[in-house]
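Multiple structures follow.
Same chain, two partners: chain A is paired with chain B first, then with chain C.
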Partner chain A sequence: MVFDDLRNYNESALNALTKAISTKKVIEKDNRPVNLNLLTINLPIIGLSSILHRISGLAVFICFPLLVWLLSISLESEKRFSDLQNSFQEMVLFKLVIFLIFVGFIYHLLAGVKKLLSEVFGFGETLKSGSLLSWTVFGLTFVMSFMVLFKIFNL
Partner chain B sequence: MSQVIPVEQLKSLTMSIYRYDPSVDEKPYMQDIVIEVPTDKDIMVLDALHLAKDQEPSLSYRRSCREGVCGSDGMNINGKNGLACVTPLSEVVKRNKLTIRPMPGLPVVRDLIVDMKQFFDQLEKVKPYLITNSDNPEIERTQSPEEREELDGLYECILCGCCSTSCPSFWWNPDKFLGPAALLQSWRFIADSRDEATEERLDALEDSFSLYRCHGIMNCVSVCPKGLNPTEAISNIRNKLINREK
Partner chain C sequence: MSKLGSGTKDFIIIRVCAVLILLYSIYLAAFFISSNGVNFKVWSSFFQSPLNKILTSAFFLAFAIHTWRGTWAIASDYLTPKFFGNFGKYAYLTFRLFVAAVIAFVLTWSFFIIW
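Coming up: the complex of A and B.
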């Protein structure tokens, strides 16, 4: 008797549930929060260098049309070329923009080489050597950027 | 048990803890709880949580073994994932503050408890068990000491989830990128001399997401409480994928 009741009860509960599911009543949107505030999560050097690799790549990519445009101006005529040269020598902002593009490019290039090294030859696959490689890339970028800085600003 | 530590050997520590109770809170918030910790010995983050829970009984977190074996108390401790039970305060407390949040990227069930379904779904996909087609041998399937050594650094994983939930690639694609923990287990069975399904296992990883979303950021390596190296396992699989004859 009791079992029959129980079975009936289970069956009706199951039916109600099936109906609810088919009418999507119980399927609510998942509104549980997710902890993903990047400012609260610490980022080791390797992660930082990987993210900067992407950002610098994107930045250089976006600046590329600018460079092509400058090239096309310089190729128009001899006069345009020397005009461009003069404004480059006179405008600090112009120099600065070119310098920043250089920095982005140098970093992207070196980080790319690092990535190739680790993917092809398996360099930097431990935490230590990986961090060391990342620091090396930062250091080299710094040094090379300075060289470019001196060159551009005729220091 | 009564308080056995004399008062003068205590100092206060401010804990800032992520709180969320779906039945009352609209949104998660950070709660400051000041606890008294002993100065003459190091205690673990899990002990600190217990002290906080004495004050706030509703504070929820998972834990079981309290010795780094069960893998249930992974959480984000001052910005870095780790097991609360094996992380001493001296290693993480900065400026007398200890911030604790749930592991990043997974839905929060309550306070520090996250829903690990996505994590275990990915583990299931790599079939983390021996697969054999040959007839069962008379005795057990044996390995030479060298073959067994191949599994060192792989079998120790306790599936705490610290690595996968610190991996940016896993945050963005938790359903498509398997994540470091599952990939480490995948390699554990590919590298096992007794397993006979290497080709099938590799086939399943050929697509551009399952494995190739790893960018070698090594967050996984830097957090693993067991000192394992999922990045290395991933590159071992990658090399196998690239070098195998089609």
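Coming up: the complex of A and C.
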């Protein structure tokens, strides 16, 4: 008896939905305004960390052929290897580009580790721990970038 | 794996490749830190060892798969009619073709460098 009632109830609910769709009541509901102007959205630290993960990933991907090119030159011959070393020591722009690629890559790696930590172990799923973890990723990126900066500019 | 949906498979594959890339980065960093100052001899013999050839090939393969899925996530979020109107479809296709060309180029090139 209960199941019959339930079936009747479901049927009447379905009928009501079909009627609503045919009279466009449901479709009209989808005309909600969409606000996607990024400049008007106050981006919290977790959101910033997330969008930078995407931007850094794309940036490293676009720069990657350059790294493959450098690898191919470095393995060609001893002369090419030392030529490469010399131009690296002489050109500030060369050092700067490598440094920026490193920063993007290390950020992408650390933010990726953060993501895996939350997916596998549930770390950083609350607002507080998520913010803390995002700050940690920024902090570690900052520290490691400075270490590499000192290293490659011989400071 | 066969019971999983294609989205779940993508989710797992992109993360497995991410972990491979992370491990290779640590391995490479360990090489640089342990070998105090790299010269051509050290560098080329490092890349001639069979173990390193296999690991580097695995890295490039992981790179290809990871970036193919990663750029898809970006493209399917932003290169859409919502942002680009009628042009969205073409922006998406152009970007995907560009990415495919870069990945194919990098994979082929890395194969010739390593082997």
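Here is the rule we go by: the second predicted complex is superposed on the first by the 120 of 155 C-alpha atoms of A that agree within 3 Å, B and C clash if a C-alpha of one lies under 4 Å from a C-alpha of the other, contacts with A are read in each partner's own complex, and residues count from 1 in each chain.
By our rule, contacts are C-beta pairs under 8 Å (C-beta built on N, C-alpha and C of every residue); 3 or more make two chains touch, one makes a residue touch a chain.
Because the structure is a prediction, the values reported are computed rather than measured.
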Practice task
Based on the superposed arrangement, let me know which partner A:113 touches: chain B (first), chain C (second), both, or neither?
Solution key: second
Practice task
Give one of first, second, both or neither to describe whether A:74 is in contact with chain B, with chain C, with both, or with none.
Solution key: second
Practice task
With the two complexes superposed on chain A, say which partner A:125 touches: chain B (first), chain C (second), both, or neither.
Solution key: first
Practice task
Classify the contacts of A:82 with the two partner chains as first (chain B alone), second (chain C alone), both, or neither.
Solution key: second
Problem - First (chain B), second (chain C), both or neither touched by A:65 - result: second
Practice task
Answer with first, second, both or neither: which of chain B and chain C does A:44 touch in the superposed model?
Solution key: first
Exercise for the section: Name the contact category of A:136: first (chain B only), second (chain C only), both, or neither. Expected result: neither
Practice task
Check whether A:145 is in contact with chain B, with chain C, with both or with neither, and answer first, second, both or neither.
Solution key: neither
Fill in the blank from the handout: Going through chain A, the residues touched by chain B and also by chain C turn out to be 34, 36, 119
Problem - In the complex, chain B residues that touch chain A - result: 18, 20, 22, 27-28, 76, 78-80, 99, 101-109, 114-115, 166, 168, 171, 215-219, 221-222, 229, 231-232, 235, 238
Practice task
Over in the complex, which chain A residues touch chain B? Could you list them?
Solution key: 30, 32-36, 40-44, 46-47, 50-51, 115, 118-119, 122, 125-127, 130
Fill in the blank from the handout: Listed in rising order, chain C residues that touch chain A in their complex are 15, 18-19, 21-22, 25, 39-40, 43-44, 47, 63, 67, 70-71, 73-74, 82-83, 99, 102, 105-106, 109-110, 113
Exercise for the section: Name, in rising order, each residue of chain A that touches chain C in their complex. Expected result: 34, 36, 54, 57-58, 61-62, 64-65, 68, 71-72, 74-75, 78, 81-82, 105, 109, 112-113, 116, 119
